[in-house]
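Listed next: structures, encoded as structure tokens.
Shared between the two complexes below is chain A, which pairs with chain B and chain C, respectively.
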Partner chain A sequence: MVRVKSRYLLCELVVSDRSRLLLLDDRAIALAVKAAVARTHGDYGAALCSVGFSVKYLNAHTGIVFLRLPKRCYRLLWSALPFITSVETRGQRIPCFLNCLHVGGTIRTCQKFLIRYNAQQLHRMLPKCKNEEEKQQVRQAILSCSLTRGNNEALEDELGGEEEDEEE
Partner chain B sequence: MSTAKVKMREKKMRNQPASVQYPSPPLAGEGSSQNGGDAPVSGGGPGDGPSDIHPSTERPKSSHHRSGWVRGHQKDGGSYAKEMPKYISAGGFARARAAEVSAMLKAVTKTTGSCHVFGALPKHMRRRAMSHNTKRLPCRLRDVANRMREKSLQAGSKKKKEQAKNKSRKARRRHGNLLLEFNRRQRKNIWLETHIWHAKRFHMVKKWGYCLGDRPTYKCYRPCYRAMSTHCLLQDLSYYCCIELQGEEDKLLAALSQLTSKKAGPTFAAALCISGRRQGSVVVYRAGCYPLQPLGPVTFLWRPRTPGTTHRQLWIWAHPTIKQDLLPELQSVCQCHEAVLPPVVPVVTPAEVAPTPEPELKPEKTPEATQTTRTKRKRNCKDASGPPAKKILGDGSRSPTTPVTWRSSSTGIVINDLTMEIVRYRLIGPQSHSVLAETLEAATGCDEMNKSQPSSLWWPEHCKDESKMKLHQQQADIFHILKDIYSTGELPSGTVLGLAVDDPRLTLPTKKVKALPCVKQAQEGDEEKRRELMLRGVPEHCCQSLLWEQSVRDNVTDNKISEQELNRMRSQVLVPGSRLSPTPLQGRVPILLVHQPGKQVGHEMSSWGAGWDLLLPKGWGMAFWVPLVYRGVRISGLNMSLKHSQNKGTPHFPHDYPDCPAGIRLQEEQEAELLDKFKRRPPAKRTNYIKHGCLAPFRCPWQQLAEEWELITREGGEERKRDSQTQTTADSDTVMEEEMTSHAEIAAAKPQSRFTVLRNRKSLRLLSGWCRPTTSKGQRPCRAAGVAPLDSSAMMSFVTEQEMSLVWVRLSLLSKGKPELHAMVCVPTTEDLKLLSNKSDNSGPQEPPHRNHFKSRMKRRKKGSKKAATSSAKTEGEGSDLPSASEPNLTTSAEDAKSSSESSTDLIFGLWPDPLPSITSHCSRVTLGWVTQADFSLSAGCGEALGFVSVAGLVNTLFNQPKEHRGILLLRNPTSLHYRFAKINIEV
Partner chain C sequence: MRPVDKKDQSAVYQRVVLKNASPYHYMKVCLVLEDESTRLSAVELKQFIITGLKNLYGEVGAALTFDLLKYNEDTLTALLRVYSRGLVKLWSSLTLLGSYQNQACAFRVLQVSPFLLALTGNSRELQLD
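This part shows the complex of A and B:
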């Protein structure tokens, strides 16, 4: 179809101290990315970054970020992301790096991927739990997302197969 | 972004997850309660306990703070650190993941974009026209879709639900049911008898309590004009109300003389009219207040005297808007306050009604025919199974118990309201007599056999009387002579002819034919008779008609042969298409023919638009209408009657009587209508009347005009007085005297402060003489010899008499241009007149464009409304320093005073707000008056306008103009800046 096309990067912020993750906000991340692009690609990169770049979503608890990049030059901008070593936010410098999990053409595909990824992560967490209380909580979390899925019949046909595989 | 766009976006983003972050401390606490059940955690604030580290603050984009994206970088970042949990646990982390998953799930499953239900369907399952036909949707979505569809339907069209038609079309169209439906529909507005005929061909308007045809749906402006000037134009005037007065002649005249004045022309007592040979017309005033409070023009017709009695009968025909004022006035002057209630009659079949052929003196004794029909209708409404519904004849909107007759015990006068009892058709045009002659045939007598036996019908009884038959023969002879006349205009105006005619349906031609005057050479005797008719009119005894008799009218109405019956009889004729040989006895109708005068004033096109009025008993409307139409006449509506009077040079009733209650009402309606039309345009596309210097484009503030001219003349008079005092002493005392009287008059006139329209014959004649040389083209020399020359003293005396009055004038443009409604009549300056004499092709001066002083105020107001909370005191303060007016006449001080009040009232872009500044001196040329009707006159070949000007202003102008240019004024349309020269005509 005729539209402005862009690429969405689903990235994970990896920090050493997870509690500091909560300090993050989308603005800080956007600034950090822009700074990194400017550093690596100069004015040209900064200019590319000024149009069509935005932080679409940030979850401060899980450290998930959706970045939107113009499709024309997303490879160039993407190449600058590994050079981010810290994010300056709320007067603090948080050392971190961005781990790209998925590249999608629409937000929707990224969201779909994220659902699968998160579910997978939860399942991985379950055996690593140290005590019973934790185990209970994780189990509850898994149940809760499967419960919501149960309500949504429409989604079942889309995601059902994969989830079942992982549960076994 | 507009609110609609915001709403759209909100709807679109409803399901999209927003960023999850800690925005600001207080909101973070709230976040937990906004969870919306997505996450299982419901907890307190962030600092509750170690297990509850981050009660999911996801979905901050809910009802509390819409801007889910928290912008704005807070500087004091330390405070966040305090609020935030120091460490995280595996359980909390898991919960966060779960919450995120659910949020994403929601986003993924619910499609965005359109809010339609079928958005939920995958693309390959969508089908065309699903929104139209919900059955194309899968079952599970149908309910929702139906609900949505209903909602959108309701929102889209706010019209009320169409009522269920419980009957089939066939049932509805059945005759009885159709009649019931028609009867129901004419309960509010009266239908004329030709209503259905008109409704099929005309644009109908609801006016004055009637449904009237305004103009035909086909294009016929010029054909109608051509018909008026060369052939014949037909109009149904049955909506005019007839009021019947009966009583002794002297008592009637004494009562009616209070309503009129001899100064305004012949009254009810005019000798020609009172004999019954002519129809008269008169302007009626409220009792005893002659120059003030006019009610409107009426026409009247006396019944010819019956020998040996002084009892007279008078019909007053009035416009329906006059009737409501006229009737109480008549009751009060005649002291008729006893309402005679219509007797409750048992339903009788029409044939049983005993006919009373002798002229009756008290018609109110006889049962009314309407009564029977009305009771019938009522009964039919109650039980539909009864006999078929009766067609309403007469006034259907009146309740049967409303009294229509009033009598006075002291004077013996009886007032009878004959509204809708008599059908009145107007034929306009020089050939209308030939149309009548071709359509109508004098009633044939009945043979001996019928004469011998008593009959319930009026005609056989009538035939028994030898003297009556002789009269009928004479009337028929005159009617035959009528055929030989060349043009209708040749007859003396207002001639009346009574007649009894055959049913015109019997001679209905099979094809429409154009009635032409018969050109046969008349014999000597006929020639003599014709000349007699043209000079003297119809002799008095031939004006008698049995239409005056209520009993005969009722009899004729009740015994009309139905169309169906007539067709049946026709089908039984041996030779198809031939005439019914013995004319059925029911088919004799008494009628009255009344001549309508054409153009009487002015010198050119005299007797243009003359014609005949045809008066019929009710019920016979369609029986005469269709045969008339088949004679090739044109039919017109209200619109054409306006043009007719305009071309004829006579004032048309509600439009050209701004001092009558009906005229005032019409003006208000017109203003509201025009203003509404004006407001419907976007402001940028409206005419800016302020810039055009047009103060009142939608109405004419006559009162203010008259007052201003009164003021101007008084000032002028004082100046002149000073001059004359220095020059001549002889003159001064007379002026002084006038000055005194004028002041006294002003003092007296002030409290009532009402303008009047000049209808005094003598004053009009004087004014008309002063306006010359002005027949509209100015070709003829002035021939009025006996007019006093216009000089200072004559002017002064005239003006002081008529200070607050307006005069009705006709203006014809000298060059091109088409005047429009509410065009301004202005005084030309001396330079303008010079221009006129210099160059013949000069079309007229221009008005410099005015400045819109209200523009800034409008803007400010708009701004103010946007801010909504700005102090009103500030705006008022600013309002006082308006840009000063360019014209010296504009009273800025008055505007200042206004400004505070106006800030509350609404300003309409392009219109002056209500307290108007000085009207006369607003433009560069002094305003004299306005135009009430204007168009390109097809008869004169130039633009013609009818309007009113202030008498004082006009006389002043005429006095100041040089002789050769006397009577030349300027005319300017409200939407133009161009003045056009026009000549003024006052014709008496």
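This part shows the complex of A and C:
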């Protein structure tokens, strides 16, 4: 009843060049989001972004970002995300865009959604597999989808690895 | 509402309250500058207010449509019209506009009303002779 509520935005960072994705870190993303909000919503938006906003999780292999936003203004800050065209890190400018997949009230619900989403992506990849070995790997990954500690990271790393195979 | 007896009808007092009656709000504002001899044209004033909106509310705020209905260049008094949803944004950005071309300035808001007719009379400037 007196809990502080927030909204967690599950976004996917889409870049044209996957290798450059590995250079990103959460501070660069936070800066990019704050700059976009300041441009779109001015001083008012910058002030809203200063208190409750943070980047909770970033997976450089798959480009999944969890953003924590305060509940009373998450829609305003969400509306500024499509205006992000590039993220600047270590002197390099990486053109990208943020694709929002899910909004959840807690990190746990976002994790559950992410697992279901990854399983759907794997299902979609299965008919596109070129040889039997890859098919076996994908089936293995689908069967091992579950919400347990340590499994999450393994699942996402495998997904990242298999997406690289597909793109070749 | 309580049912009224037929014989009481002439003595009944009725109060009619209109909520969100008008889609627009009208503001009469006056710009006070440090150097009193500077003059702004209507276009310059509108541009100045838009920069104020942009500073406080960003691109989305600068896109807020408002109209400059009447402007008196000598007294720098203007009549602005804005959609009711945008009144708070416009008024707060007028409050926080501090400087025009490196001179201090202030916007005095004289009257605000959802009806244009209400801005014709002002009891502050009433002359009782």
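The rule is short, and it goes like this: the second predicted complex is superposed on the first by the 129 of 168 C-alpha atoms of A that agree within 3 Å, B and C clash if a C-alpha of one lies under 4 Å from a C-alpha of the other, contacts with A are read in each partner's own complex, and residues count from 1 in each chain.
In the analysis below, a contact is a pair of C-beta atoms (placed from the backbone, for glycine too) under 8 Å apart; a residue touches a chain by one contact, two chains touch by 3 or more.
Owing to the predicted nature of the structure, the values given are computational and were not obtained by experimental measurement.
Undergrad: With both structures fitted on chain A, tell me whether chain B or chain C touches more of chain A's residues.
TA: With both complexes superposed on chain A, more residues of chain A are touched by B.
Undergrad: Let me test your reading of the model: by the given contact rule, A:S86 touches which partner, first (chain B), second (chain C), both or neither?
TA: Neither chain B nor chain C is touched by A:S86.
Undergrad: Based on the superposed arrangement, let me know which partner A:S50 touches: chain B (first), chain C (second), both, or neither?
TA: neither
Undergrad: State whether A:G42 touches chain B only (first), chain C only (second), both chains, or neither.
TA: A:G42: touches chain C, not chain B.
Undergrad: For A:T106, is the partner it touches chain B (first), chain C (second), both, or none of the two (neither)?
TA: Neither partner.
Undergrad: Could you pull out which residues of chain A sit against chain B in one structure and against chain C in the other?
TA: none
Undergrad: In the complex of these two chains, what residues of chain A are touching chain B?
TA: Per the touch definition, chain A meets chain B at residues 18-19, 22-28, 55, 57-62, 64, 89-92, 107-108, 111-112, 114-115, 118-119, 121-122, 125, 129-130, 133-134, 136-138, 140-142, 144-145, 148-149, 152, 154-155, 158.
Undergrad: Taking the complex as given, what residues does chain C use to touch chain A?
TA: Residues of chain C touching chain A: 54-61.
Undergrad: Please output the residues of chain A touching chain C within their complex, sorted ascending.
TA: 38-45, 79
Undergrad: Given the complex with chain A, which residues does chain B contribute to the contact?
TA: So the residues of chain B in touch with chain A come to 16-23, 38-40, 54, 56, 58, 69-71, 73-75, 77-78, 80-81, 84-102, 104-109, 120.
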